[in-house]
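Reviewing the structure listed below.
As written, the chain order gives the labels A, B, C, D, E and F, with residue 1 at the start of each chain.
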Amino acid sequence: MSTVRRPENPEADPRVKAVFDDIRQTRKTDFINGFWLYLAFDPHLLEETWFGVKAVMAQPSALDSLTKEMLYIAVSITNACRYCVHSHTAAARAKGMTDEMYADLLRVVATAGRTNQLLNGLQIPLDQAFEADS
Amino acid sequence: MSTVRRPENPEADPRVKAVFDDIRQTRKTDFINGFWLYLAFDPHLLEETWFGVKAVMAQPSALDSLTKEMLYIAVSITNACRYCVHSHTAAARAKGMTDEMYADLLRVVATAGRTNQLLNGLQIPLDQAFEADS
Amino acid sequence: MSTVRRPENPEADPRVKAVFDDIRQTRKTDFINGFWLYLAFDPHLLEETWFGVKAVMAQPSALDSLTKEMLYIAVSITNACRYCVHSHTAAARAKGMTDEMYADLLRVVATAGRTNQLLNGLQIPLDQAFEADS
Amino acid sequence: MSTVRRPENPEADPRVKAVFDDIRQTRKTDFINGFWLYLAFDPHLLEETWFGVKAVMAQPSALDSLTKEMLYIAVSITNACRYCVHSHTAAARAKGMTDEMYADLLRVVATAGRTNQLLNGLQIPLDQAFEADS
Amino acid sequence: MSTVRRPENPEADPRVKAVFDDIRQTRKTDFINGFWLYLAFDPHLLEETWFGVKAVMAQPSALDSLTKEMLYIAVSITNACRYCVHSHTAAARAKGMTDEMYADLLRVVATAGRTNQLLNGLQIPLDQAFEADS
Amino acid sequence: MSTVRRPENPEADPRVKAVFDDIRQTRKTDFINGFWLYLAFDPHLLEETWFGVKAVMAQPSALDSLTKEMLYIAVSITNACRYCVHSHTAAARAKGMTDEMYADLLRVVATAGRTNQLLNGLQIPLDQAFEADS
């Protein structure tokens, strides 16, 4: 159950078709996952979202592609975004994340969740040593 | 301002001293940051927390040390834990994170924050392709 | 699957019946959605919740009714409350929110999710210009 | 720095004075903390908030007063509400929370933060045994 | 204290200067707030962020400008983003949000925070009536 | 649908069997809930998690066992962790939480969610009276 109706024939709209073509070409697959299919209810939002995600995730940058997927998973877990957790875990696996790496990611993400709680509870003053300007 | 009083002479307690010694040895520095100084108000909680964090973050595992720090930052940002953001950003820089890598991390974390909102809004059904058991 | 059992004949309790009657009258419909049906497991909590929500959402105030529903959606998305997202999106649509307005709401909510991450990461000092007392 | 100006002479407004009198009487102290002083910028919001909080926190109910304060702390930590963490930790201490109890609360809250991350990552199906209706 | 050093002479970089010029022109003021000054540590991230925010917030769309600022505040409060709360509350006031409107926004945001907790606790099944496809 | 495959015969691994035996003995039941069954995909993570949770939740400490379960519920609700909410609500009921106590817990958790939003919006300065060192 979604909050928008899934468009029945989204590629009838040329803006949607152009985005879907670019998704297929960028990912080298014919599979378009549900996020984009539903987002096509608003072609402008679809364009903005796809080109924004593509610029960050599908183009070479300072961090490698798998590290970026794992960071995406970490945020999505913390925001309790079920769909995002599933889609980016699948993407990370496709880029080489093994079960051992995934278990290690979960250990870090869980440890951070644990100490975040301690520090949001203790409200400790910042150490001067953390000052970026120092 | 913290929710606990910082112990005045924490290493007078041998359990605290043992943890602080291990922190100094593990990190090869005499600097003990405020988290541990305040956490010493309860030696048992201090031990549990330090040995838990050390096992995950300071011992070799499937992910390299810098990737783990960056995942820690990603969670801490999402949980709005100010102290954690500062301490783990400083740790990641000490392990080689450049400004370019940090900017890239922020781009990914911000993009995830953006699409997490879209998907928590749209509530799209999961694609069968994400099924780990398939 | 819920954490409480749905009461079988909730209106047998006169306090529940009074609340349900008020819901029907306020909303001009016979439909009582699941939130209230389950919440009837504790008539006191039901009363407190309904009259609190009604005072804020169903009575004229400084903001118009549709703006209030959209703010409710924004918070519910950010808190990852699935039921709340669905019920308030349906309510906003009933009050006139079009697909174009909903897409625009999602754009704003997503952009906020993006820059919230950047600023919770960067931890930038507040500008003096934001001071309400100045 | 706040987002509203603190009213200079809030008790000049009789609605504000009535609330402040009730706070002083309920808590048996002349001290009014900043939350209420600033909230007085809108007497209606002040009334709604104070009487809502009082009904839940200052009146006898199924849970004892200290347990309720500790639950309040747990939520406030998780929501990263700095002021709330401080004010409710102070309130819990005033109601008898010792350092040992506070350390134990932090342990539980931190452990929950840890496993919440694991489960929001793993997305495990619910066990039938948790079904309240069964 | 920030996690990046504020660039000393950011407009020496022509990409930064172009963004700052566009900020000044779009907002019709010489004031550049700290977010952009610090974000200039990475001109690419600065460009991406400013043009993204501008497209959503500074250009006519289905929702009016003040409603968009209020939605931004609602998300920022829920994400506990202190800087964002301040900057967007200031922006909303500049666009006409009165104290009465702000108090009403807070009432809605607080009520949503309340019922989000109830529903994330109760885990009630979705009503068929919320189905967008129905 | 989970992000890992549920191991088919987890107790074939002696480390998993040892943990499962300890779970059965600690809880005095043969039932092993899904969290542990799936977590067995990585025996090391399973061990770390179970012994960590057991140390905090299943051993005598400053807070009684039911209070600890209720704190766990409060955090899990706020983090929108569906599985955690269900499993810890079931655990709390098994330890004596009545419907009246659960309704009261929900009232507190909901009230905290409400005022957390108000204070994360208002950004009120801390009162000196909250200072633990004073």
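By our rule, contacts are C-beta pairs under 8 Å (C-beta built on N, C-alpha and C of every residue); 3 or more make two chains touch, one makes a residue touch a chain.
Here the structure is a predicted model, which is why all the values come from computation and not from measurement.
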| item | value |
| --- | --- |
| Shortest walk length in steps over touching chains, chain B through to chain E | 1 |
| Touching chain D and also chain E, the following chains | A, B, C, F |
| Shared interface numbering between chain B and chain A [over half = same, under half = different] | same |
| Pair of chains joined by more contacts [C-beta pairs], C-E or E-F | C-E |
| Farthest chain (mean CA position) relative to chain C | B |
| Which listed pair, B-F, B-C or D-E, duplicates the contacts of B-E in over half of its pairs | D-E |
| Geometric centre distance via CA averages, chain D-chain B, whole Å | 27 |
| Interchain centroid distance [CA atoms averaged], chain C/chain D, Å | 20 |
| Sequence positions of chain F contacting 2 or more other chains | 1-4, 48-49, 52, 75, 77-82, 85-86, 89, 100, 103, 106-107, 109-118, 120-123, 126, 130, 132 |
| Chain-level touch network, classified as line, ring, star, complete or other | complete |
| Chain F-touching residues of chain C, taken from the complex the two chains share | 1, 3-4, 41-42, 44-45, 48-49, 75, 79-81 |
| Chain A-facing residues of chain D, complex | 73, 77-78, 80, 82, 85-86, 89, 106, 109-118, 120-123 |
| Residue numbers on chain B that touch chain E, as the complex places them | 80, 85-86, 89, 99-100, 102-103, 106-107, 110, 117 |
| Complex interface listing, chain A residues touching chain B | 1-4, 31, 33-35, 38-39, 49, 52-53, 56-57, 61-63, 67-68, 70-72, 74-84, 86-90, 98, 100-101, 103-105, 107-109, 111-116, 118-127, 129-130, 132 |
| Chain F residues within the chain B interface of the complex | 1-6, 48, 52, 55, 126, 130-133 |
